[in-house]
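Look at the two complexes coming up: chain A is in both, with chain B in one and chain C in the other.
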Partner chain A sequence: MASSSTKAAAAAAQSSLTTPPPEERPSSPPKNKDNSDFDILATYTHLLSTTPTLTMPLAAIASLIKLLTHSPPSTTSETLSLLSTHSAALKRALRNPIACTAGTDLFQRYIISTLQSPVSLQTRSTGDFTTTRDGLVASGEQFVARAQEARGVIATIGGKLVQDGSTVLTAGDSRVVSAVLDAAADKGVKFRVVYVRDSGTPSSSSDASGVGGDGMVARLRGKGVAVAVIGPSATAYSLGKVTMVMVGAEGVVENGGIVSRLGTYQLAMLAKSARKPVYVVAESHKFVRLYPLGQYDLPIQQTVLDFRDRTDDADEGNVPGGTGEEKRSGGGEGDEEAVDYTPPELITALVTETGVHIPSAVSEELIKIWY
Partner chain B sequence: MVSILASDQDNPDGSKSNGQGKDSRSSEAQDHSKAPVAPNGNKAIPEKSAAQKNEKPSGAELKKRAKAEKAAKRAQSKQGQQAPPNDASKSTKPENKKLSDEKESIQSSPQHPPAKLQHRRSGSASASSQRPLQLRPGQQQAPAAEPESRKEPQKLAFISHLYGIPRRTSIAGAGKDVHPSIFALGLQMSNYIICGSNARCLSTLLVFKRVIEAYVTPPNNSLPRDLTIHLSAQIDYLKSCRPLSVSMGNAIRWLKLTISTIDPDTPEHQAKTKLCSAIDNFIRERITVAGQAIASSASSRIQDGDVIVTFAKSSIVERTLAEAYRQGKNFQVIVADSEPLFEGRNSAIALANLGLQVQYASINTLSHFVQDATKVFLGAHGMMSNGRLYSRIGTALVAMMARDLDIPVLVLCESIKFTDKVALDSIATNELAPSHELGFVGTGVGKAGEEDEWRSASNLVGLNLMYDLTPAQCIHMVITEYGSLPPSSVPVVQRLSTNT
Partner chain C sequence: MPPPAGTLTPGLASFLSSLKSSPIETSVESLVSLLRRRQIRGSRSCAIATAHLLRMVLRNIPVRDVTKLIDRVQQIGQRLAEAQPKELAIGNILRRILGLIRDEAEEDRDREAGGYGETGIGSRNATSITSPDRQPGPTEKRSLLAPNTSTTAPAITSLFSPVPLKSASPTSTPGTHTPGGGSPIAAPLSSTPNTAQDLRAEVVEGVQEIIDELNQADDQIAGYAIDHIHSSEVVLTYRPSMTVQRFILKAAAKRKFTVIHAGPFPNDHWPRRLAGNPNTSLDDDEGNPERFQKSLTVAGVTVVMIPFSAVFALMSRTSKVILDPHIVLADGSLVAPAGARAMAQAASMHQTPVIVLSGVYKLSPVYPSDVKTLIETGNPSSVVGYDQGSLLEKIDIKNPLFDHVPADIVDLYITNLGGHAPSYLYRIIADHYRNEDIHLMRSDLE
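Showing the complex of A and B:
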């Protein structure tokens, strides 16, 4: 969840380019075909902004649980169709639905397997559906609660990777990475941190606010950890002094690669060529059934590569149709919100709450969930 | 029976005059091989000693000529003998002898020009001392004598474990339990009429259905026990025609398991119906529907403007490309192809007939056209448990070159082709086809005379391996009916598909 400071996620959701204009969205939710006046997107963004510890997949799951309580379905198939239509609506509304897809898919699989379990079949044959539904909601909430504890577990596991005298290079404001580093610092490990400042922040305002990483830097410094803040262009220069690279992820794809904040790919490439281990810390609910073949195979429209001349903005306004608007919104959030795909060859290991895995273990986990 | 025909035409002593059916011809070949055995033993020793004594080339030459004449005479006399129909009891016994002879020399496949050559070769089994004579100029004048000393140099040491028993190309000597449809299937397989992992698996299962239908449980025996043994005879016959494919192995394992789970008290006709419908289900689930699932998920990987490179022929790749074309995607296909089978031609023609934009190229031009490619789609013969792809020879070359250029390589493979075996190289496990096929099968340019030329050079060794192994790191994705996975997850799916 490198880029997913909650504000950014909310902004992403609101500035998405789907049909309803962004400013109207909170007040008039997009109506869904079936029954509800329930606005899944508003719930999702609200959850993300009010609960800063919540990850995007979990927010999606929590929204779906709220949906089930809000508009209680009365049959199994109704439940499933309700979930799938709202998941689809949520995914459509988001500019980058990868992380959210991980959550909605996981929850739907979870519901299906729960409904298919012998216990559930038994209760359904005897009692009415209300009991089953309540059970689903309860276990779903339990799932979210447990998933939120994952970060703490990862911090414990990942903390062991950070050893005395090591230097950890990290980038982005990943909450999991910062939890890992905090845990290591709390244990009294003597280590140093190199924080790669976001490329989106102009170098002039280096020490000023703007990037979420500042919080982490200040906190680590407060714990007595030496932190160096560098610009992205100084990464290769600094790698010689670094023991390991540790990054978060927005989504972990099927082959063990990660989808993460723009710049992670090049960081991993540099680390690979400098022969430094790259550890990805991510909760296992970020595993998503997606298999990109390369950078341009992600299910997102990104405007990172823009061959148009950006200097004359006057001409820009004259560009007919939606392109001008798209350009503007792309330019505004492109740097901040864009993601890239890091192939598994560049990743040494994935640190999840279930342990430290090699990238290829992801596919195994996903197969276990889906079959 | 392409090669048999070729050798018949070539045969100088006129055995081509036999215009009978396939079976009679092959049994005739059988007879040829059998007949010379007796005279051979007497001949061989004096010949050899004479050759050893004769240091001068002219002497050796004379000897050879004399030998050739004798051989011709013998062949003619045998031609006469042959006229009465062969009885089965006669032919079964010498078969063993023949096989053991052939084991010694790789190129002595049964379709070899009969009497004369056969005799010569077997006569010279131990005559390695004659070899220097071969290099002398007199050689050309007496080509018939050449094969004498050619046995040993024809084997390559590093693949000596692959030679085994040569492929069967006739039904002679088969067990009495083998069903006629298995004979047909075996011949079709050994002649590449049925070729490709899927096609072979499918046809085997369909033919097994017929075998099961025709099967009658012998008295004092039960179907679950005896049918497995009965099928084993059929399988052994198929194996002798061509080694089983990975998919066939998996299907057979499944079938035997299914048979063994039948209650022995089930009435026979009921058990047979049950088995046949189980086979139908198996085909539907593991091949037909699996293929559909793969085609639909793989075709979604094709985007407008893509240039897809594929190698040789894979039914599932063909299906995927056709499906993508049907969806209205605008893409181009390059079919790379190579010897020995040139299967890609069929594929290219079939796709072009559908309306796709197809380019057909030899693998020699690979480095040129692979640069334009955006994706590589490969079919599979088998997926090894260590994530390596075992497929038609040449596949590894395509995958490696694509990897080098950072072009995604996608393998399309039904889970029935997954095996729990691991392979580290393409030498330990492979299939060795008769080396003369290298220049002849499918090309249409091969003439019988060239075949002789190929065989006549003692220092020329043909290596006709059928498969190669693509390293796992050259494969980006394996698309199965269980979804897309990295090659490292092959054992997971393998476990999954065998458990369910």
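Showing the complex of A and C:
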């Protein structure tokens, strides 16, 4: 990693952390029992919308760091309880808290182990808590900056999977996939891309690169990579021409499965039946301690299946055929898209910044991160 | 064991015997050219040659500085690996030796650090959420089971590695100075900057252990034979190496069973016929088929030779398929002599268990991003001879010597550590190689 890019990323994170959050959603539900003047949800959404490169777990961590600077705790236990109440509030406020949970849990875990470290104990015995707190904040910010570099590392590792003459099928406009494909294209690999576009409304994804993958498609085409854009119904038809499927993820769960945009599961199923490898590219801070047993076992609220009969239709006016379409209730938060769970059997390997892992190695990585 | 003692022909035996008498640089050169000329081939032979050479290097290089030692070993190792990029075993041995050096260096550093590392869970947290091309740091932990997990105190997770709290950090940049210490049990704080000699002694000892492991792997694997081959079973083998032969013989000492031996056309005899050199079979330690059959018959095993084309037909009667890999990759797939995939596929069609016998030295941390680069292509004239001149002008002939067998059609791996599911191999790999060494051979797969 070049040091200049490190500094740039650090500066970006820094600036994103220092800009004050606009009080744009005063009516949002977070219930802050203490320090009621800090709106964690507003900070979180603001960070996500202003810094397009920021992933959800990192935005959550950055919000918690801001919390520490905003309402400085003076003791260890105060710090911990502050963090846990606000993490809980943030998770409650989001319809899909999986990605953000990965961040808040990781950060709380980190705070605890930092406070327990001998150096910290030493500092605390000599100095006052302010020093320790400042240390936590500073290293947390550094963590955010460094975690953002992970994407570049993944691009290098993942770029190797893309070989001359191959065709990569992707969907969902993942930023990491985009980085991987860019890296491969920059390296001069001759490959083609099939992009599966969402059939529904243009997605309002949180990145500024374009709507629903247009940015990625245009950029790749600009680099001389031939891109075919297809609808989801053409996926099975196209798979015969495809060498591999590469998707991003919102969260990677303990058994090596992923939680990702709606449609990833069926894409992986199709790829499996066509015997094409499915690679998931995701930063390891997206690893989350969750063990879903199936599609409906995720701690999120989403109404993908909306069964209706005559009476429902009469009540609501018209809206025929609501099935299969996401019912948007949250009202336009970038992360509030329907997700599904792709079980590990359908995944060939996960590409993270620590290397290429088979799904069964995910629990190991989680243990390494956590303990 | 080492191949034929005909020391006149250049090969592993001649290399090993000349190792002591020649200077390091000459030995490196000679091994590089032996590898290039394929006079040393097969994972085992390559591993043995690499380990012996690097042991010599470690013994003889006057180095005070651990970083320089690592650099030197890495440099030589890379030359060997580049000489024969398809022999991943060279890289495996190199990685393990580098890991040894790093472990010893860390142990010394920890002792110097005055025992910070022993306290707090934080110290056990070294994680690998760092870029793989990061400088080898003390924070990268090999595994939770590794005996020495204590690293420096502020290395909570290297995700964070808190700078402001680092004031008391005992390790600055790794390797700026890393003097060796005494033996690992020696009293802490006793190390002085000029005891790199001790560190080297420890490492050489470790390399010796690796060499012992290479020599014992077959016997250790054979030790599990009784658990897997039962009375009156029908075992199918293909291109059995000494490993498979010992495995079967061990079981034969107690049980009566049948071995079906599929004939490996077209690569069964060509190297010998071609070069007139008994050393250049596909794998140095590949058993001679006739000798294999004879030794088994003597041991009371019924041996049936079949042509490869009959494998599918006989699969329904087979209770087990035993394969021997050339190399095993990080995702649990393997590279084995051509035909192995067809055999494994046939076995999985019939729900017949496929067992792979592999020493740990064959486990490579390399993820097969491009399988094609791992497959060696052999002499096409053994498929279609030059006597078919008119045909040769019209067609392309390829004779791949190896197959890539995906992990999902393998049921069990037996290594010298025991039996493992293919999905568990990553764990063993993580135990044996350090993260910073995995991407050592970047050029391998590019």
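For this structure, a couple of remarks:
Heads up, the rule we're going with is that the second predicted complex is superposed on the first by the 301 of 371 C-alpha atoms of A that agree within 3 Å, B and C clash if a C-alpha of one lies under 4 Å from a C-alpha of the other, contacts with A are read in each partner's own complex, and residues count from 1 in each chain.
Here is the rule we use: a residue touches a chain if its C-beta (ideal position, glycine included) is under 8 Å from a C-beta of that chain, and two chains touch if they have at least 3 such contacts.
Being a predicted model, the structure only gives us computed values, none of them experimental.
When both complexes are superposed on chain A, chain B and chain C end up sitting side by side without clashing. When the two structures are aligned on the shared chain, A:226 is found in touch with neither chain B nor chain C.
Judged by the touch definition given at the top, the superposed model places A:291 against chain B, while chain C stays out of reach. When the shared chain is aligned, chain C comes close enough to touch A:356, but chain B does not.
Looking at the superposition, the partner that touches the larger set of chain A residues, chain B or chain C, turns out to be C.
In the superposed pair of complexes, A:218 makes contact with neither chain B nor chain C.
Judged by the touch definition given at the top, the superposed model places A:367 against both chain B and chain C. Here the smallest spacing between CA atoms of chain B and those of chain C, following superposition, is 5 Å. Overlap of the chain B and chain C interfaces on chain A: residues 360, 364, 367, 371. Within the complex formed with chain C, the chain A residues making contact are 1, 106, 110, 113-114, 116-120, 122-123, 132, 134-136, 138-140, 142-143, 146-147, 149-150, 153, 156-157, 160-161, 163, 284-285, 348-349, 353-358, 360-361, 364-365, 367-369, 371. Interface residues of chain B facing chain A in the complex, by the touch rule stated above, are 301, 375, 408, 410, 473, 476-477, 482-486, 488-489, 492-493, 496.
Contact residues of chain C toward chain A in the complex are 116, 119-125, 127-133, 141, 144, 153-154, 156-157, 159-169, 330-332, 367, 369-370, 407, 423-424, 426-427, 430, 435, 438-439, 445-446.
Note for the complex: chain A touches chain B at residues 254-256, 289, 291, 293-294, 344-345, 360, 363-364, 367, 370-371.
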